[in-house]
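Chain naming follows the written order as A, B, C and D, and within any one chain the residues start at number 1.
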Amino acid sequence: MLTKQTLSYAAAEKVLGWAADKASEMEVPQNIAVLDEAGHLVAFRRMDGAKFFSIEIALTKAYAAAGLRVSTHEVAPKTQPGMPGYGAQALNGGRFTTLGGGVPLFVGGQVVGAIGVSSGSVEQDTEVAQHAAKIFHETFN
Amino acid sequence: MLTKQTLSYAAAEKVLGWAADKASEMEVPQNIAVLDEAGHLVAFRRMDGAKFFSIEIALTKAYAAAGLRVSTHEVAPKTQPGMPGYGAQALNGGRFTTLGGGVPLFVGGQVVGAIGVSSGSVEQDTEVAQHAAKIFHETFN
Amino acid sequence: MLTKQTLSYAAAEKVLGWAADKASEMEVPQNIAVLDEAGHLVAFRRMDGAKFFSIEIALTKAYAAAGLRVSTHEVAPKTQPGMPGYGAQALNGGRFTTLGGGVPLFVGGQVVGAIGVSSGSVEQDTEVAQHAAKIFHETFN
Amino acid sequence: MLTKQTLSYAAAEKVLGWAADKASEMEVPQNIAVLDEAGHLVAFRRMDGAKFFSIEIALTKAYAAAGLRVSTHEVAPKTQPGMPGYGAQALNGGRFTTLGGGVPLFVGGQVVGAIGVSSGSVEQDTEVAQHAAKIFHETFN
């Protein structure tokens, strides 16, 4: 058998809070999704005013980050026209995105989950997700 | 224009908490989804130990309850063989369920959202959702 | 080549109006969809207060009626447990329903389109769809 | 609770009419969809001669405009190769388009719905949608 670590709800709720604090400070309401290492939803928060359209996008960003084990924006260059990953966004029924705002969460070098943020600009979404992930990594490693 | 009321995140988080407290008391970890009046996700919690398979089911129960404006288990009798609603579960791409555990949330007689609970037995899911909805209705009406 | 008759928008708008008048008289706001003979949408009206959940259901009822060339409620008996049509509701990606409220529209014995109504009880939906279809048949035949 | 405004059917029908008048003047039959602020269909018209293929596209344009809160054609530049939004069109199960012809409708600075137009060239679709939105904004603000 294999043993794996995964996010508890308590840890996921902390991630939601760190992200929401940052989003509030930036005055950009966000959809925030936290998934476990298997890509399954653990916690979600739609801040008042966040776009309904971006609920699914936040989930997809987190899903791709958990699955790829890297931040979504880091995958983007590999999917440009002419690159080997070209066209990847159509995979997994569209649950593959390279839009910034999906960031994996690690403990002891292993992915235990991911955060996805969406409703602002891609840059704002990325900043919020990275902020929460940074505190997560400092707290749990 | 029309004006309508919908759940704030603060209210949705309270609903999550009331449901989780009940589930903890029953010692049955649950997936708990809270949607707004238009069927869009506002808040989600997977308690440690809840089934990943039931994440989608909790979301679907809440979606059906918000959309039908009645508790999912109340619709079930109308969809039995020979009844007018027979076969309804195949509608809306499978986002139509009559499994107990989806309960609409009302303020002033209007649906403002819904809760969906799934991971225990249907009876347990229904009990948790109804408990949270009851406190919601006492608090916000 | 074959020649076929199909609904004009002008005729579809009349059907919407006849249905909406009946729904208003019954004080049950409805989603009303009118499709052409190929199952494609021609006109749609969501009356204020009709359920968002039933938009898709109204479309599905009309689609099934246009496609089956009979009213949806007439198909229901053939899909009961033990009958040859059992399980049909899962076909066509869920765009097969036997819930009352889908009625085909005929001109000269040929299907030219269909109406689908949803947001009330199945009986109410059926009554509205049949009312509009009746006036259509009197007007165009 | 939060309070929000959304399109009435009466307002949506006006939008359909303004768009159809413009399309008639241009001699380009169109599919015209009007959605509410939550992305749900309120009214639809397929003008005689409009492409069935573009029904879904009109719906998707309106959905994206309601969800993104900007016109679809304005998002296109941000999704070009090398840009942060590259690949966005695969999100939301394909209900994310940057093809011109989706325009949000605002009242008092808040999105209350959107119009989507499709069957002509992208430029023609955009012109029709913008025309209707312009009159809407003059009428309701």
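By our rule, contacts are C-beta pairs under 8 Å (C-beta built on N, C-alpha and C of every residue); 3 or more make two chains touch, one makes a residue touch a chain.
Please read these numbers as outputs of a predicted model, since none were measured by experiment.
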Problem - Third chains touching both chain C and chain B - result: D
Problem - Comparison of A-D and A-B (more C-beta pairs in contact) - result: A-D
Completion exercise
Cα centroid separation, chain A vs chain C, in Å, comes to 43
Practice task
Indicate the whole-number Å distance between the mean C-alpha point of chain B and the mean C-alpha point of chain D.
Solution key: 31
Exercise for the section: Measure off the straight-line distance from the CA centroid of chain A to the CA centroid of chain B, and report it in whole Å. Expected result: 26
Practice task
Please compute the C-alpha centroid of chain A, do the same for chain D, then give the distance between them in whole Å.
Solution key: 29
Fill in the blank from the handout: Touching at least 2 other chains, the residues of chain A are 48, 52
Exercise for the section: Name the shape of the chain contact graph, picking from line, ring, star, complete and other. Expected result: other
Practice task
Identify every two-chain combination in which the chains touch.
Solution key: A-B, A-D, B-C, B-D, C-D
Problem - Contact footprint of chain C on chain B as seen in their complex - result: 2, 38-39, 63-64, 66-69, 78, 81-82, 84-94, 96
Problem - Touching residues on chain D, where the partner in the complex is chain B - result: 1-8, 11, 36, 38-40, 107, 112, 140
Exercise for the section: Enumerate the contact residues on chain B facing chain A in the complex. Expected result: 8-10, 12-13, 38, 40-48, 52, 55
Problem - chain B partner contacts - residues on chain C that touch it in the complex - result: 48, 51-54, 56-57, 60, 73, 76, 79-81, 88-90, 93-94, 96-100, 121-123
